[in-house]
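First the structure, which I've put down as structure tokens, then a few questions once you've had a look.
Every chain is named by a letter (A, B and C) in the order it is written, and numbering of its residues begins at 1.
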Amino acid sequence: MIEVKDAFFAYPNGIEALSRVSLTIRNGEFVAIMGQNGAGKTTLVKLFNGLLKPTKGEVLVDGVNTRKVSVANLARKVGFVFQNADHQLFCETVEEEVAFALRNFGFKEKTVRKRVSWALNLLDLTEYRQASPFMLSGGERKRVALASVLAWNPKVLILDEPTIGQDHQQKDKLRQFIVQLNAQGKTVVVVTHDVEFVAECAPRVVLMAQGNIVADGSAEEILTDRDLVTKASIVSPQITQIFLELEDLGLPNKVINVHDGGRVLLNFLEGRLHERV
Amino acid sequence: MSVFEGFKFRSASSPVHQLDPRVKFFYVCIVFAVAVMFNKLLPLLLLFLIQIPFILVAGVQREWIRSMKGASVLALIIFTMNFVFSYFMPASVPGVEPPIDTPLEYVLIFERSLTMTFRFIVLVESFSVFFLTTSPDRLSLALEQSHVPYELCFAFTTAVRFVPVLAQEAQTIMDAQRARGLELERGNFVKRVKNYVPILIPLIVNAIRRSLELAEAMESRAWGASEKRTNLYVLKMKKEDYSLILLSLIMLVSAIYAWLFIPIPSLTTFLSF
Amino acid sequence: MDAFCLVVVSGRALAVIETKSLTYTYAGRTEPSIQDVSITIEKGEFVVLTGPSGCGKTTLCRCFNGLVPHFYGGKLEGELVAAGLKVTEHPISELALHVGLVFQNPENQLFALSVEKDVAFGLENIGMPRDKIRERVDWSLEMAGIQDLRDRAPHELSGGQQQRVAIASVLAMQPEIMVLDEPTSFLDPLGAQTIFEVISKLNKQLSITVILVEHRLDLASKYANHVIIMDEGKVVLDGEPRKIFSSEEARLIGVGIPKAIGLYQVLEQGGIHLRSVPLTSEEAYQLLREVLAHD
């Protein structure tokens, strides 16, 4: 679906943000792009919808080279939800806001209305249809931004740091929502530095540091690797930190969330009990 | 936008950078006064050349050239307008009588237009050097010490502080809307203007939100606690500053003397008419 | 050290913030944002204030330094005394000298063109003499660990650096109390840890009372010795961190209980009892080691 081949990217002022990055994301995958702030995560995903074109190397979306088509063309397939919803809200009503992209892409009015209703319903925003987006709370505005991207049903959904400023319950709901979207076949790419969030949904993790991809694999493999975590200047999930310290007791150490951690410990202790008996 | 680069402050430690902004401004005003005094080309050319050493000492040649490039378009317009104006209203140029048929008269009109253009260029030149060598911080301090109300000085520095932030935000907003299918490059003039609404509204709304947050932060740091606000830095006049003041005054006095007593040759004398 | 001596001498620590039935409604709204809030915060405490979005914690923060009601208007009922001053009777410019407030967005609390000038801003406002300002600025930069950033422009700095500048700017006025409203929202976990370490240092070395509003309890709770949880405008839980985070109520409200405590609770349900409630991963694995290496 998305192929990045030996891509480099340098900003006009000369700063190199990406250096020799290669990555393939297949249809239906759930990928988390992780790393410290400034590692190049956002720069990388902006290559996926053509907002940035690689200075060397190439990026193919569905076989099409991003250099050859416009952003609007790529956006049809690759939806991008920006970190700050306030960078895109501008309409008088939520309805207009969600319809904006649909109209840009040339959907017929009847379809636009249907899609808007569907998207609002999906994000629990139907009651706010005629409300002004500026009057909504921070969390609601984020949902409007998300609805406005989902409305045109892009094959790929990119979310840039969706958990910033969210409380625990909002993060939980978001996580469940994303997992569900992915289960329904949408390719989901989440750029995040929130390890606990990633640990709960355990997607494929692409770990970046200083413009390079330093690791690409399962969340359990990467988040439990002490060397990688140090190299990328990230923090392991709290549960992982606990289990890594108990390695010498023979406990499995690829544990990243509370649920698995509890299960492992209880099994281990039960096993011990049986041994003694 | 590169013409603006010719006025943006460049951090360096040349003697010109260290001069008190108030003194530099005084100098710029004198240059303006002298430029306006003369109608002949020669003094203005002299004025133009006198400032070159300042540019070289400050090391801002490259940026200054950019400001000159930017000004060249306007300069051409001024020249053309003056030429046409003088052609149709020759009474303003001494030595010219309608109808304009002799080469001498053409040269006189040409000289007049060139003089007016150089007035503009000299002004741009001196203001460019002023802004290139004065940091917004020092400028604000100069304003404060010149008894401009602190609120205005603060508004000035805050505005300068947030220019790069707003520029980046505008870029992000454009990216966000382009990612929703907005095509900024296409369409006729009317459509293109309409396409900027999704950029401007978030920019303005965010600017308002930002200023509310800034106001909260200001209040939380005891804004308005005391009538007599102090400052971490103070501008003190040094001997270099006094030297520049002296130089400016000498320039002014020489100019007045020359204007009153010395007949200045026009271009025609050099072209052997 | 101060608080300890006071306890010994007077038998009762000094309350540095005290509210009684505090209720506030923003201008133009009908429902109060905080209701009947009665809390006591003692000198030198490190308080973590948390709760779901919209629970009123941000509003409460703004009460502490007088932004509510002086800046926002609206209707404030009940009593609030901070650093010995009744908040309704003193202007923000006076309260700011005793209660510092650090905001969520690093960019929007830095005004000047250099770090040094930003740190000096508050002191300039109160009319402090120049040489004293210089001393304080030097001291404040050192306390926040950012001496090397002195001449930099705020726009060039990372989010974490900007927040440290904000902390230094507030610290320069030497307030007794420092309130921080979700200061790490925009930072990555390492950046957040650095901020918490700086705040903790100020709390321990300078005895500054800290009130930290946070969602990231995994990282923040280990510094706290007092936790307040709010929900829908009211204070629902108020007390010792371990007890509160391991309570059923906290789980029901939906705050992000530290994972170490989550693990503790799962084990409890499975019949395994740890000696005490762990707040950090260090405490957790030490307690687990005791249980596991038992044989």
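Quick notes on this structure:
The criterion applied here is as follows: a contact is a pair of C-beta atoms (placed from the backbone, for glycine too) under 8 Å apart; a residue touches a chain by one contact, two chains touch by 3 or more.
If you're wondering where the values come from, they're calculated on a predicted model, not measured in any experiment.
Taken chain by chain, the contacts link every pair, so each chain touches all the others.
Should one ask which of A-B and B-C has more C-beta pairs in contact, the pair is B-C. Averaged Cα coordinates give chain A a centre that lies 30 Å from the centre of chain C. Centre-to-centre separation of chain B and chain C, using mean CA positions: 47 Å. Looking at chain C, one finds that none of its residues touch two or more other chains.
Looking at the complex, you find that chain B touches chain A at residues 169, 172-173, 175-183, 197-198, 201-202, 205-206, 209.
By the touch criterion given at the top, residues 62, 65, 67, 70-71, 92-94, 96-97, 100-101, 103, 105, 107-114, 116-117, 120-130, 133-134, 137, 153-155, 169-170, 173 of chain C touch chain B in their complex. Put simply, chain B touches chain C in their complex at residues 135-137, 154, 157-158, 160-161, 164-165, 210, 213-234. The part of chain C that touches chain A in the complex is made up of residues 51-54, 104, 158-159, 182, 185-191, 193, 215, 218, 254-256, 258-260, 262-263, 266-267, 270, 272, 281, 284-285, 288-289, 291-293, 295. Contacts from chain A toward chain B in the complex involve residues 46, 49, 51, 70-72, 75-76, 79-80, 82, 84, 86-90, 100-101, 104-105, 134, 148-149, 152.
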